[in-house]
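Order of writing sets the labels: A, B and C. Residues in every chain begin at 1.
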C-alpha cells in the first residue's frame, strides 16, 4: 500500500469545494447543448411575458425588472433539476459520498456552480430586457453586478438543497418549484425592487435597504442549507 | 385523566365557539367605519392565529426531530403542518372576503398576508413531499428540513414586505374597538385554540399510529 | 472459536434493515475475520446488495450495530470510508466525463491516492485506448472494468464486490478473477456476492448465505471444493421463510 491507513485523510473543505465546482462546470460544458437550450428558454419566457402584457410600452418598462427575475427563476428550475439529474443517473453522488466527500463540500460546490450559471443567465438577460422593454440602465455597473449576483445566489442556496431532495422522489419536476418558490418570495421581492431602481433611478436612496435584504437572505439561507444538506444526502 | 380531556376538550371548544360567535355575530355592536362586514374578524383572526401557532409547532417539532429522532415529534410535525394549512387557508379566504368588503380589494401586499401565503404554500409543499416519500426515516428528515427552512424565512419575509408597502388593518381596528368587542375577540381566539388543540390531538394520534405501524419490529420466525 | 474483536474487520450485531414496510435484512449477527475472502450467496431479493451497501456505510441499519475496522458505522464513517471500496450495480460514474476524468476525481477528493498509477491501471483493465472517451459510450462491461480500476486506485483494505462477473464477456470475467487474486495477495479482506457460485468458491475461503434477509449460514470457512455450491442449493431448496 502506498500510504499507511491511519493517514488517509480526505481533502480539506476548500479543496473539496473546488473539486466539486470544477466537476460541475466541466459537466455543464460537456452538455452545453442543454445549457444553450436553457438560456433560450429564458429568452422565450421573457418574450411570452411581454406578449402577455404588451404592447403598452409604459407597462412593459414598469414591469421589466419583474419579468427578468421571473425568467431567471423559471429557468432555474430546469438548471437546478439538471444539476442533480446527472448525479442520480449512475448514483454518482452516492459514489462521491462514499469516497468520502464531505456533504458540506458537495453543497457549497454545487450551489456555487449553480449560482455562476444563474448569474451568467441574468447578465445575458439584462440587455435583452433593456432592448425589449425600453428601459434604461441608470445605476452603476458595480451595483448591477452585485444585485444580479446576490439574486442568483439567493435562488441557488435553497434551490440546490431542494433539488437534492426532489431528485430522490417521484414527481420531482413539480416538487422542486413547489418547495422552492414560497421560500424565495422575499428574495424575489428584493431582487426585483433593486433591479427596478437600477433601471429607473434611485431618487430616495432605497437601493441600500434592498441590497441589505438580499445580503441577509443569502447569509441566512447559505448557512442554514449548508448545515442541513448532510441530512438530505446521507441515508 | 386522558378520557376526561378527550371528552371535555371538544365540548369546551364547541361551547366556546358557539358562545363566541353568538357574541360576535349578533350581540357585539357594529363597527364605526366598516359596518357589519367587520364581524368576520371574529373568525378570521382566530383562524389566522391558530394557523400561525400550528406552523410554529410544526417547526419546533421538526427541529426536535433533527436532534433526537423522536417519532412523536415527527407525527406532531405532520399533524401541525396539515392543520396549519387548513386554518391558514380558512383565514386567507375570510381575509379576502373582509378585504373586498372594506377596501374593495381581494388581496394586498402586506407582511402578514404574504407571510401567511408563504407558510400555507410552503407547508402545502411539505405535505406533498411527505406524501411522495415512502421511507419513514427519509420522509421525517426531509420534511423536517423543509419546515425549518420555511420557519427561518419568516423574519426576512416580515421586513421584505413591510418595506415593500402594505395596509393591514391592525392599528385602526384596535383603536375603534370597544371593550366588549375586544372581549368577544378574546373569547373566540380562546375557543378556536381549544378547537385546534382538539384537532391536533386527534390528528397526532392518527399520524403516530401510522408511523408505529410502519416501524413495527421485524418478524420473529424460526427456520422451518 | 472466537477471535479477539480487533482482528475482525466486520462485526454485525443483531442488524436489521427496513425499506418502507419490507424488512430487507433481519437480525444479522456475524463477524468477518481480516484477510479472509467471503463468498456471499443467496437468491434474488435475499438482501445481498443491501448487506454490501451497509458494509460500505452507504446505508444505515434500522436496528443493531455495524462495526467496520472496529469503528462504528454511522458515527465514524469518515474514518471507515477511505479504507474500503464498493463495486456494485450503480457505477457511480459521470457519463459525460471520460474514463480518465472519472478516475481523476478520486485524486481531487482523496489527496493521499497516488494518481501516477492511473495510467497503468487503465492499461491493466484494458481501457487505455478509450481513456479519453466519454463513459456514455461505454458498454456495461467496460463500465465495470473502470469501476474495478477505480477500486485498484484507492487500494482499500476491505473490498466489497456486488456481482462482479455480471454482464462481462469471458475476457472480462478472466480479468476480474485476476484482479481479485491480485488484491488477495495484498492481504485485503474481500466480500463478494455472486450467482456464479462455482467461480466464487474457487476464489474464496469463507461462505455466507442469505435467504430473505436472514443469515442461513454464517461466515464459515470453506472445506472441500463444491461445498458452497452444494450447501447453497440445499439451503435454497429447504422450506422456510419467504
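Heads up, the rule we're going with is that contacts are C-beta pairs under 8 Å (C-beta built on N, C-alpha and C of every residue); 3 or more make two chains touch, one makes a residue touch a chain.
Keep in mind that what you see is a predicted model, and the values were worked out from it rather than measured.
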Item to check | Category of the chain touch graph - line, ring, star, complete, other | outcome: complete
Next on the checklist: Which chain is most central here if centres come from C-alpha coordinates alone?
Outcome noted: A
Item to check | Chain centre separation (chain B, chain C; CA means) in Å | outcome: 50
Item to check | Separation of chain A from chain C, taking each centre as the mean of its C-alpha atoms, in whole Å | outcome: 38
Checklist outcome for this item: In whole angstrom, the CA-centroid distance of chain A from chain B equals 31
Checklist entry - Which residue numbers or ranges of chain A touch two or more of the other chains? => result 235
Checklist entry - Which residues belonging to chain C are in contact with no fewer than two other chains? => result 60
Item to check | For chain B, residues that touch 2 or more chains besides their own | outcome: 137
Checklist entry - Hey, which residues of chain C end up touching chain A in the complex? => result 56-60, 77-78, 81-83, 86, 90-97, 101, 105-106, 108-114, 134, 155, 157, 186
Item to check | Residues on chain B engaged by chain C in the complex (per definition of touch) | outcome: 134-137, 214-215, 218-219, 221, 223-224
Next on the checklist: Help me check something: in the complex, which residues belonging to chain B touch chain A?
Outcome noted: 66, 114, 117-119, 121-122, 124-126, 128-129, 132-133, 137-138, 141-142, 144-146, 148-150, 152-153, 156-157, 159-161, 163-164
Checklist entry - Within the complex, which stretch of chain A touches chain B? => result 158, 161-162, 165, 168-171, 175, 178-179, 181-183, 185-186, 189-190, 193, 209-210, 213, 216-217, 220-221, 224-225, 228, 231-232, 235
Item to check | Residue numbers on chain A that touch chain C, as the complex places them | outcome: 1-3, 5, 7-11, 15-16, 19, 22-23, 26-27, 30-31, 86, 89-92, 94-101, 235
